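Mind looking over this structure? Questions follow.
Chain naming follows the written order as A, B, C, D and E, and within any one chain the residues start at number 1.
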Amino acid sequence: MNALLVSALWGVIMMFSGIAIKQTAVLRYLAIAGVMVLLGLNTAEMQGWQLIDIDTTGMLQFDAYALLLNAVLLASLLIYLLLSGSAMERIGNNLSDYLALLFFIGAGMMMVTAFESLLILFLGIEIITIPLYILTGSDKKNLKSNEASLKYFLLGAFSSGILLMGITLVYGARGSFALSGVADTIRMSSSLMIAGMLLLMIAMAFKVSAAPFHFWTPDVYDGAPTVFTSFMATVVKVAVFAAFIRLFDRSFALQFNAWQGWVAVLAALTLFIGNITAVFQQSVKRMLSYSSIAQAGFMLLAVFAMNTMAKEGLLLYAASYSLATIGIFAVLSRMKDYSFEAFNGMASRYPWVAAALAIFFLSLAGIPLTGGFMAKFYMIKAALGQSLWLALFALLMAAVSIYYYFRVIQAMYFKPVAQSDPLAFDNGFTGMLLGVAVLVIVLGVFPEWLIGCLYF
Amino acid sequence: MQDIFQLAYWIPLLPLLGALLNGLGRNHLNRTLSGLVGSATVLGSFVLSLLIFFQVKAGQSGVVHYFDFIRVGSFSIPFAFQIDALSSLFLLIITGVGFLIHVYSTAYMHHEEPAHFARYFAYLNLFVFSMLLLVLGSNYVILFMGWEGVGLCSYLLIGYWFKNPAYTAAANKAFIMNRIGDLAFLVALFWIITKSGVVGFQEFFAFVQQHQFTDRFTATDITVITVLFFIGATGKSAQLPLYTWLPDAMAGPTPVSALIHAATMVTAGIYLIARSNMLYSLAPHTLHLISWVGLMTALLAASIAVAQNDIKKVLAYSTVSQLGFMFLALGTGAYAAAVFHVMTHAFFKALLFLGSGSVIHAMGGEQDIRNMGGLSKKLRVTYITFLIGCIAIAGVPPFSGFFSKDAILLSVFLHSPIQYALALLAALLTAFYMFRLLFLTFSGRFRGTQEQLHHLHESPLAMTLPLVVLAVLSIVGGWVGIPAALVPDAEALHHFLSPVIPVLTHAVSHETEYALMALSTGLVLVMIGAAWMRYRNYQPGTPANAFINLLENKWYVDELYQKIIVQPFYVLAGWLRAIVEAKGIDGLVNGVGRAVQYSARQLRLVQSGQVGLYVLLMVLSMAIMLLIQFFIRK
Amino acid sequence: MIALLIVLIPLLGGIFSFGTRANKKAADLVFMLFTAGLLTLTLLGLTIFNDPTLYRFSAPWLSSLGSSFSLLLDPLAKVLCLLTALVYFLLALYMNGKSVQKPAAFYGWLLLAQAGMMGVFLATDGLLFYFCWELALIPMYFLSSIWGGARRIAVTFKFFIYTFLGSVLMLAGLIYLQSQTPDQSFALSALLKVKLSTAQQSWLLWLFLPAFAIKLPLFPFHTWQPDTYEEAPTPVTAVLSAVMVKMGVLGLLRWLLPFFPLAAYQWGDVIMGLAVGGIVYASLIAWRQDDLKRLVAYSSIAHIGLMGAAAFAANLASLQGLCFQLFAHGINILGMWLVVDVIERNLGTRKISELGGLASHSPALTFFTIIIALANIALPLTNGFVGELLMFTGLLATKSNFAWVLTVTAGLGIILSAVYTLGMIRSVFFGESNAVTSRPINLSIQEQLVLIVIVVMILVFGIYPQPMLDVTAGYTDQLFRQIDISYLFRKF
Amino acid sequence: MPINYYLFLSLALFTIGMVGVLTRRNAIIIFMCIELMLNAVNLLLVAFSKMHYQAALEAGQLATQAGVEGQLFVFFIMVVAAAEVSVGLAIIVMMYRNIHSVDINFLNRLKH
Amino acid sequence: MSIVQILFWVLAVMALFSALMVITSKNPVYSVLWLIVTFFAISGHYILLNAQFLAVVNIIVYAGAIMVLFLFVIMLMNARQEGASGSKRWVTLAGTVSGGIFLLVLVAALKDSELKTRSAMVMDGQVGLIKVLGNELFTRYVIPFEISSILFLSAMVGAVVIGKKD
């Protein structure tokens, strides 16, 4: 709750500081300081310290899992700001507003990780998505950005409608929006309940871009300014996943049999479409958007399995996937050309950047000793107990993913230098990138450090 | 005096050391030194063999165990030597003839560069080593080591002049054909190990004795093993159908042909079967097979030899034919007679080859007998020794060939009259082509170039001396096996071999024996006469008829093999490489990749950019999900 | 402790080597020092420091996943580690002074690969095994893709995806196996205790097998191999085929057969059939190759086919032969690759059709090549013979109705190996020399030294193999008892 | 009124909105159709709220709060809708300023 | 038929008809107007259900504020007609068919739900009164209420960011 409040407040501060402060760097540092404060407050809450004691009237509940997820999200946000903050300055001249929106989104994310009522879920999701429509369209002169924004908006609003219909049907069946009320153990699961649940699942699938409700993702990720794509594809997606898991774990545990099969279908489809379609992409950015779909397919395995292993795994997945993707996007947002060829020979020109990128891609592909492997390992292990075939399919698709992730590594390491105008990789950036890469490796070697925080 | 047995390892070791010395020091040794090292080591072995031979003759034998070559669990393959009558006899033949040929080679190969000269002797020594290993080994594995070793050395020596593609092709052919036989040998070996768990001769024979025709060792096992060993032997000893490498092997230097492709290596098959005679005696079907294969080989090779014009090719086919005789003997159960023939054959065939070498040497490399003639005047020693060899191989008493061949014919006669008739025919053909060769080479007038005539000269002492020694042996060598019908208390060899090979007791009257001897001798003399009539004054350009052409082209067997075995395999390999591998398996693998790429290309088209389509697809999927959930999944 | 050091030394060496910054002399020195150090350590570990406590290392790691960092230098690992250390040392000796682009990275990757492979050989924990299995692959990927031939990128990529595909299946199998253990442990000993029905064993077998079959590679999973061997730089090819392939064999012996003996028996005929069919198949194809590297590659497939069949023959002789052959094959194939490399470096071509008559001007090379080739075709008194003899014996003795068919088919490989090997020697070394080959190849001291070591090992182990057999005797005995089908039936 | 009436009415309205989204090409109309869908939901929520209220009354809870949350939810939906409209129309206007059309069929720069 | 039922049916038909007109009108302005009619019909339902507060809010916020906004935008763009070709026939067909399937499936699935016998209280009930709702909103629902301010803030910032001329 600490972080949620301060996040909203800091958003307001950022909003107004735009009037007073003109130097973008200062704004950025202010935002970074804000995220650090949030992180600190969140950590404090993990230790049981509250800023103000608020009665949430059963609307929100910040349990250990939610707090840890928040910590991961905030840490990702921090790293995101550190790496990509300066790239944000180049989009329009509304940096303070963008940063404010980011903080508002942050508040929304902390709501969806800790909601106890469907109302909060709805509000949280809207608080996340409405600013995202704006961020997507923030590059106003860019037609692609406009188009992405409008597509995102129309489809997002449509899916909100589905979400609401789902909530309504569930409400009709249960007479309550509280998760505990929905998870009524006495009444049987009627067709109304099932229909509502399915619609909710579809809406959530849309939000996490699971096939066949993923269509907005590639276009929006592609069209949005790269910095914000990075944010959407990582932090936001993970937060929504947390909501997905929380919703189905708390509310629909009893209907497990009714939805598990569907999640399996969604997961398999998502994995298939995400991975296969990514293979033929010519732009790294678009490839990454498909890859984010593919990774969502893996995260869906956590929803599918819905056991301790899965939940722990989602944390790890959140951390490692976000870090790696943020890192890659950070580099990408400093490049002009997003084609694979633009990476040619990067290893010889920027060996450290290339090394960090290679680690990120290895992590996404799930090569051992990177966080990505451990995350996938948890997912597979969680899913394997329920369905061997799904786990095998996921693994096969992981092998397919090698194909497109390694294209970048190939370009960086094995192809001759193509273009000669230098890219803006200063030492600080490179250093931070390497730091993130080290984090990814640490997650891969000692995943228990993160998981262990659940049981402090 | 068992101690001398302990020293047996020096017998193969000495040639090996010689090979190493010559091989590694090839750039530093001069010709004299190389020759010396090569010959002396073999001589040393010969002396040791002689000592051992006398020990064995005195009635001692045994197995000398050195170390465990392989030991796995309870199964072990010891590195051990078997010293008994059979091996000691072979030791003598190998080292004796081997030594002579080494000496001969020092002169014959003298025009080679020192490095190659040393290489030659290294190979030759290595061969002697392998051959000794083959006959000394106390189990099938050690035997096989030698078996493959001699194959290797044969390969190396045939391809000694490696710049000539035809020669290296012949070398490859020899090795590969041998390998076909080796595979059979190996399978037999594995069979033995699997069935009995032992590989030693004595242990295995004891096992067979104990378990024969029981479940642990059925008649099938015996037949399979014996047939497989025999197939192995057909490879090494150039029998049908694997004989074609031997004539080609004449690509090697002539002394090599003498040593390897006449006297020693090719008899390894006979040694193997003689060594395993206990097993073969239990397998009548195999014996039957062996006798027919041997007989057919003898006839076929003899028929080809009649029409060959290369001096070495004639001798090569004659060797194949003689080996066929030996197998015929084995097939009729006359193991001792076969071994006897091995010995005599070693003498006279080595002699003939060395003689031909002397001729070739004199003719400056010419091998076609149609371009020779009348050499008897210039090459006295060679001529006389060659003549002795011819008489010996033709089987005229009291030369060595007569006795060994007579023993075989007698055994065949008792076995089957038809086979006897055919064998006799082969023997007569032998006499005919050998004397054809003799007359064409040494009689009549010289048909070569003037230059060759000018260069004609008798070979140096190092070459003629072995000829003389071998000639003497060709005469007297057969006396160790004079049949009992002629002199009392004879058949010394059979008695000597009796600890290894049980003595056959013929239930045949002396009169029959005399009649057979007379018949064969008489007919042989007739054939010699015929050859003399025909080839005494040979003129080139005699038109050949179709049959002779067929013979000259060796019944087109090589071509046949090429067409029905090598070519199909070669084409198959090409097909596998170009189609199955590239298009099939790799195509499948790549196909999976391509399928992924293809579906990627198609699937991404769904992402058309049209919001309407996106919503439509979403609504459709939603509707379908609800439909399935409510109306199908129930 | 030794076990840990065996992994650690190359790892440190790799990092160290990256730090030498393109200085060839320094890189050479580092590579030489670390490989020599490792070889010394391995040799000492085999002889002087043979205290079993030194062979074991275990540290907690990922304990919540039931895993740990446990290494054990058991006899099989001893053979393989010794081989790896030796191969690397010989390579270091060979490469010393030779020009390589970006030497620091080249040696660095090589050493990292070594660390990964050592990890595979030593790991007694399922997850650790899988880690090392994958990590050994990455350096190979970079090595082949950066320093390889013209088609290197595509070919190596195929290799990588192919092997990765196999290994993820194995991962699935491992995880399933782990979930069946009572305390959710990845420890080898715990995994071995899992009771599985025959049906379970069957499908688990097919999850595990592709990983190993691809790595080996067994027919028909082999198509990556000739391409990769051809395109990779020859020292890397040498490591790939001399050492990395052994990971597959080790996988079969340690991570497949003891787990699923019943399934291995059930499917044995099929797998052995494939393996043995692969021998003939690969040999025939090798016959029609014009590129030396491809020829050796296919010949390697043929040899590996026999090893794969021997593993599934599952009796004492075949296993013991296999363990011996692991070492022998490594040495022999290394020799072959070095010869190919020498020829290519000096004459600039590997095409058999362009070569010929090397024997005239390069007698020393010819001598070494012929001996190595003879070992390759398993001539008696070379090390190749010992292993094959035992493996064939085992193959015929295997409990299958088709044992003799398998043996004879595999035996065709004996003939065919002679066909293509001698054909190659004839075309490359014999005959008249041509414009390409008229330049003599003078072997440097290091090259000679390396080849001499190889030849000496070929002969020594060919004549007196027992010491090597003794190393693994206890191990195979134990393994045999774990997988012997008749024994298992008796137990049930 | 039987609740099913409201249920089906709402579903029908919802579907009409959805079909509108599917068939129309004008972004503004599509957006309006989405608003229609939201209103259908609102109607249903109110109906459910009154249903639960009635059920609570029938169960004898006189001063019941049952059903309140349903109507409050509608309130929040309206709040959100208002916010959405402001942002949505801003985006549509921005789009219009750039390409002088609000036809979604022209949104095809991003594909494949 | 009671007056309530008549009212219900009239309002229902009105809502459905005007909704259909929304999606079939060629002219966007008509669509807006028909939508306003729909909203009025729905507000009528609210009144029927005695949800007075919502009825009022619906009229003010939706029919009033929001629809005026829409109207403004449409006028601003002068985009009264869709493109000459209109939607393709198959798009309309596909849209209608899939929407129809969706409706049919849901109706078929829910017609026999446990709510079959339940009914919604009409013309009565305290729950929809402003007093009750207000009380609840500022006690139990104060957190969502406050949170929705974040939503508005961000929408505001967003509208400014998007609308502002750079």
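The criterion applied here is as follows: a residue touches a chain if its C-beta (ideal position, glycine included) is under 8 Å from a C-beta of that chain, and two chains touch if they have at least 3 such contacts.
Owing to the predicted nature of the structure, the values given are computational and were not obtained by experimental measurement.
Colleague: Mind listing the chains that sit against subunit D and also against subunit E?
Modeller: Of all the chains present, those in contact with both subunit D and subunit E are A, B.
Colleague: Centre to centre, using CA atoms, which chain is the farthest one from subunit E?
Modeller: B
Colleague: Among the chains here, which has the CA centroid at the largest distance from subunit A's centroid?
Modeller: B
Colleague: What pair of chains is linked by the largest number of C-beta pairs in contact?
Modeller: D-E
Colleague: Per the centroid of Cα atoms for each chain, what is the distance between subunit C and subunit E, given in Å?
Modeller: Chain centroid spacing, subunit C to subunit E, equals 71 Å.
Colleague: Where the centres are mean C-alpha positions, what is the separation of subunit A from subunit B, in Å?
Modeller: 78
Colleague: How many angstrom between the C-alpha centroids of subunit D and subunit A?
Modeller: The answer is 27 Å.
Colleague: Using the average of all C-alpha atoms in each chain as its centre, how far is it in Å between subunit B and subunit D?
Modeller: 97
Colleague: Hunt down the residues of subunit E that sit against at least two other chains at once, touch-wise.
Modeller: Within subunit E, residues 91, 94-95, 98-99, 102, 106, 109-110, 115, 141, 144, 148, 151, 154-155, 158, 162 contact more than one other chain.
Colleague: Mind pulling the subunit D residues that touch 2 or more other chains?
Modeller: 3, 7, 17-18, 21-22, 25, 30-31, 48, 51, 55, 66-67, 69, 72, 76, 80, 83-84, 87, 91-92, 94, 104-105, 107, 109-111
Colleague: Scan subunit B for residues touching two or more other chains and write them down.
Modeller: In subunit B, 593, 604, 607, 609, 611-612, 615-616, 619, 622, 626, 629-630 touch at least two other chains.
Colleague: Which of the chains are touching one another, listed as pairs?
Modeller: A-B, A-C, A-D, A-E, B-C, B-D, B-E, D-E
Colleague: Quick one: in the complex, what on subunit D touches subunit A?
Modeller: Answer in residue numbers: 3, 7, 10, 14, 17-18, 21, 27, 30-31, 34, 37-38, 40-41, 44-45, 48, 51-52, 55, 66-67, 69-70, 72-73, 76-77, 80, 83-84, 87-88, 91-92, 94-95, 98-99, 104, 107, 109-111.
Colleague: What part of subunit E is in contact with subunit D in the complex they form?
Modeller: 4-5, 8, 12, 15-16, 19-20, 22-23, 28, 31-32, 35, 38-39, 42, 45-46, 49-51, 53-54, 57-58, 61-62, 65-66, 69-70, 73-74, 76-77, 79, 82-83, 86-87, 91-92, 94-96, 98-100, 102-103, 106-107, 110-111, 115-116, 118-122, 125, 127-128, 132-133, 136-137, 141, 144, 148, 151-152, 154-156, 158-159, 162-163
Colleague: Spell out the part of subunit A that touches subunit C in their complex, as residue ranges.
Modeller: Within the complex, subunit A touches subunit C at residues 362, 367-369, 377, 380-381, 384-385, 388, 391-392, 395-396, 398-399, 402-403, 406, 410, 413-415, 447-448, 451-452.
Colleague: Write out the stretch or stretches of subunit D touching subunit E in their complex.
Modeller: Residues of subunit D touching subunit E: 1-9, 11-13, 15-20, 22-26, 28-29, 31-33, 35-36, 39, 42-43, 46-51, 53-55, 57, 64-69, 71-72, 74-76, 78-87, 89-94, 96, 101-103, 105.
Colleague: If we count contacts the way the header does, which residues on subunit A are in touch with subunit E in the complex?
Modeller: Within the complex, subunit A touches subunit E at residues 8, 11-12, 15, 54, 56-57, 59-60, 92-94, 97-98, 100-101, 104-105, 107-108, 111, 117, 119-120, 123, 126-127, 130-131, 133-134, 137-138, 140-141, 172-173, 188, 190-192, 195.
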